[in-house]
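Okay, got some structures for you below.
In the two assemblies presented below, subunit A is common to both, partnered first by subunit B and then by subunit C.
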Partner chain A sequence: MKSIIEIDGVSRTFGGKVVAVDNVQLHVAEGEFVTLLGPSGCGKTTLLRMLAGFEMPDSGSVRLDGKDVTFLPPYRRDVNMVFQDYALFPHLTAAKNVGFGLERQKLDRAEIGKRVESALQLVGLSAMADRMPHQLSGGQRQRVALARAIVRRPRVLLLDEPLSALDANLREAMQVELKHLHNKLGITFIMVTHDQTEALVMSDRIVVMHRGRIAQAGTPSDLYDRPASTYVASFVGTSNIVEGTIVSVADGIAFERQGLRLRCLPLPGFSPGQRALAAIRPERLRIVNAGAKEANVIACTVEERLFHGNSVRLRCRLASGEVFLCDRQLNASRDLGALPDAGQPVHFAADPDSIALFREDSR
Partner chain B sequence: MKERKLPVNYLGLAVLSAPLVWAIVFMFVPYMIILTYSFWIKKYPTFEPAFQFGNYVQIFADPQYYQVLLRTMRIALLVTFFSLLIAYPFAYYLVFKVRSARVRLFLYMAVILPLWVSYLLRAYTWKTILGSQGVLNSFLVWSGLLSAPTDVLLYNQFSMVLTLTYIFIPFMVMPIYTSLEKIPRNLVEAASDLGVPPLGVLTKVIWPLSLPGVLAGATITFCLTFGDFIAPILVGGPDGSMISNVITSQYGTALNWPLGSALAILMLVIVLAIIELSDRLQKAERIATG
Partner chain C sequence: MAETSQNYTASRIGDGVFGAAIAAILAYLYLPVAVLIIFSFNDSNTLTLPLSGFTLKWYEELFGNSDLKKALFNSFYVATLATALTVVIGVPAAFALDRMNFPGKTLFRRLVLLPLVLPGIITGIAMLNLFKLMGFRLGLETVIIGHATALLSVVVTQVFARLQRLNRNLEEAAADLGAKPWETFFYIVLPNIRSAIIGSALLSFTLSFDEIPVTFFLTGRDNTLPMYIWSTMRRGITPEINAVGTLIVAASLVLIALSVWMLRSNERP
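Presenting the complex of A and B:
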């Protein structure tokens, strides 16, 4: 597919010391919904701002639809942004905010009015056209910001933590709405977020960033099921991570940590005696009896039982001292009583294919 | 509950009483005395109590008075205009273009610091710059631009407007700087993102959002200039005297306190009207932007 955005070898250092973005390579296909995910300070926002034109890279190039825009000012780029705190003009009505960018284009008044109207309609705010920003709720302001960004029909829509200021319920509804809007408009969306759930729900592709570099890029299920590093494994979703040694690579890999022996699927690049990290998702653990004939039985002690409504999280500790989490979905019978209580021993079984192994240097 | 409430009221009263007494004794009472005087009649060699509007009529009938009033307004408007013309680009440059916070603070202080210097000294400075033996004349003669020192620089309305602009410009810079600083940067970015070039961002986003600061600065500058009486004495010359100078002379050499009081009351009314107008505009602005 054709790339609409080509970011090649882009770096940006602030004040000569802080490396915000470090040699990033990223191509985005036309119509894709890509999310830049990472903790604060990972460089995701700087990368987005370089696409908008608010920051210039120290090296590398940014191309938009084949055209080099690396040093083009924001007002000459065919992209529009939804700002984190919306950045609505406080002295203009919702309709004037939406129409702000259209007045520059050579359109007649009727055409501007029509476009503003249809953009407001698209976000369900036709009735609020004449309200001032301070008369709107947070969710409504968000919609105005969205309408303002799409009314100019940009090739790429940039979203800087668009949902972070909304409360939980509204955020979930807007996630779905944004996704629908993306399908309807067919334009490329680039979103920045630190919320992994948001990224998993909305994106075609997630780019996990770590210290200015891309840690891993892939589809949500790729990232979740086949994380490239323990960093990705613990940032996207939750993982139990145990540090140990490879004891054998014949007939699958055997991994050991103070009496805990795990059999994993065969994987190239490992040799006996090597230090390694094993990661297991909390929901992949099954509770079994002490003497169960399973490939991997992990013995722990329950420290805490946390009720999450539709699931229960057991916070356990291994004999070697690591914390181990296990999530159990509660089924229709709500068998809370069948789960072990704090202080009780528990045994988990982990299928070989549920264990991800990483070399020690992959952190 | 009662026991707790009572001391609080006493405390509030105690805190308020000193400024209240001050305001009554040193502001309200003197104004009332002046208001009373303004209805009296001048009877050579002094004046006697009366209740008549002759003094006010005289102000508007005698060109000597209403022309000074008009001139004072014109000078105050010119000073306000030139202060704004210089202060706005300066404040804009400080807030949006200077990247180093230290340089910004230094430049800001450079404007504010003269306020710590005596007013007289600052006004007098311009006398030594503009005078026929002054720095500017010496330079012009030395450089050959003039063959002899000129006296057109001093003792006229030009030198008045120049001096007053210099003296009162910090009061224009401060509120504009504050209002510009309060504009969120992402609004500037948003406008730019929506395809608006820098000049459009200035006229369509920054200027409208800084209007409260402009209004405050213009009000202070106008009112301060309107009531000034030192600059006219130092650099004003015969056609540079302003309304305050006329009032001073009515209380002094002219010995016509009733007329001086009427002029003072008229001046007070004008200043209060301007402050009230400015206040209403500010309120309208606040309602419009939340």
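Presenting the complex of A and C:
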């Protein structure tokens, strides 16, 4: 598929020392839903703002549909943005807010009216056309902002933490709605968020950013199941990370940490004696009996049992001192009694394919 | 039962004291204005009670007094142009303070504010010296310049404060929606700071209209209304002056109503 956005070697430094974006390379296919994910200060917002034209890179280039737009002002770019705080014009009605971009295109009144109406209808706000922004609820304002951004039929829609100001229930509903809207419009969506659940649910592809660089880019399941670093493993989902040494690479890799020996799948790039990190998802652990004949048995002590409604998280501690988490889905009988209590010893088994190994420098 | 009636009496006394306090405050604020208005219609040359009868003759005399009419016109001329000047200089200055970073910005902001707290008599003498030095002829125009320097701070502070509260994302959103910088200014920024500009302009107008110290030093032989009233006062308060005062009160009320209406229509266009 052809690339609608080509970001090549883009860097941006603030105040001569803070490197916000560091040599980023990212191509986005037409119609893709890409999420830039990372903690605050990772450069995701700066990257988005360079796509919108609010920031100019110090080096590198940004192409939109093959055309170099690196230094084009925002009002000459075929992209529109949904702002985190919505940035609705407080002195204009919802309909006037939505129509603002069309008026700048010098379309005739009838055409503007028609398109504003259909955009408001698309976000389910036809009845609120004449309300002022301060008369709308947070969710309604969000929809106006969305309608205002899509009414110009941009090639790319930019979303800056679009759901962060909504309460939890509404946020979940809007995640689904935004995804439907993406399917319906067929245009490219670039979203910025620090919420990994949001990113996993909504995106075709997630770009995890770390200190201005791309830590990993891939589909949600790629990132979750095959994280490229412990940073990604712990930022996308939760991971138990144990530091240890490689003791053997024959017949799979053997990893050791103070009485804990793990057998992992064969992987190139490791040699005996090397320091390494092992990451295991909490939900991949099985509870087994003390003397079980399993490949990787991990002995811990339960410190806390946290009830999550549909699952229970066991917060345990390894003999070597690390915190170790295990998530158990509650089945139909909801048998909490079968799970060990706080203070009790517990044994987990981790299948070799559930352990991700990283070189120590991959952090 | 007895207790409740006691409470009732106590609360009635309380209400009475409260009402009297309100009446006293209002009387303190508005009794002088009421006296002014009443005596402007009183058929007597002197300000003495009892009232002797209703007349409009002081208003007739007022309109026959060419000196007074000239002074009134001069005051409007000065206040209008001084206000226009402060808005034309003050609004861009407020933008510069809000948007730009330049060396000495804080100093600039303090210096712009200084004329407001500087006693008018100092501004007056200082500008008189300067105009003399530069060989300007004193007249209403020098008064306008004098007023504008002091009033500039009124406009700058008001507009600057509003700009500080204006969400900068609005301008980015406008640009994002295809608005060129001038369109963003006229369609987004200006409507959101309009009330601050109008409000500070009205305040400047009234401050300029009744200004005496600066005017005293900078006007040549031309009189503004406050100057004229002040000069005639040396012969005592005439009913004619009361009539002028009443007209000014009426005009002020109209201006206040106008500004309230404009600010409200700004909120809900």
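The working rule: the second predicted complex is superposed on the first by the 363 of 363 C-alpha atoms of A that agree within 3 Å, B and C clash if a C-alpha of one lies under 4 Å from a C-alpha of the other, contacts with A are read in each partner's own complex, and residues count from 1 in each chain.
Methods note: a residue touches a chain if its C-beta (ideal position, glycine included) is under 8 Å from a C-beta of that chain, and two chains touch if they have at least 3 such contacts.
Fair warning: this is a prediction, and the values are worked out from it, not measured in the lab.
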Overlay done on subunit A, so just call it for subunit B and subunit C: clash or fit. clash
Taking the superposition as given, does A:352 touch the first partner, subunit B, the second, subunit C, both, or neither? neither
Looking at A:133, would you say it contacts subunit B, subunit C, both, or neither? Reply first, second, both or neither. first
After lining up the shared chain so the two structures overlap, which partner does A:54 touch, if you call subunit B first and subunit C second: first, second, both or neither? both
Once chain A of both complexes is superposed, is A:105 in touch with subunit B (first), subunit C (second), both, or neither? both
Quick one: is A:31 in contact with subunit B, with subunit C, with both, or with neither? Answer first, second, both or neither. neither
Based on the A-chain superposition described above, do subunit B and subunit C contact any of the same residues on subunit A, and if so which? 52-54, 73-75, 79-81, 83, 85, 87-91, 100-101, 104-105, 132, 148, 152
List of subunit A residues in touch with subunit B within their complex: 52-54, 73-76, 79-81, 83-85, 87-91, 100-101, 104-105, 132-135, 148, 152
Could you please specify the touching residues of subunit A with respect to subunit C in the complex? 52-54, 73-75, 79-81, 83, 85, 87-92, 100-101, 104-105, 132, 148-149, 152
Contact residues on subunit C for subunit A in the complex? 167, 169-170, 172-180, 183, 187-188, 191-192, 266-269
Residue ranges of subunit B in contact with subunit A within the complex: 184, 186-187, 189-197, 200, 204-205, 208-209, 288-290
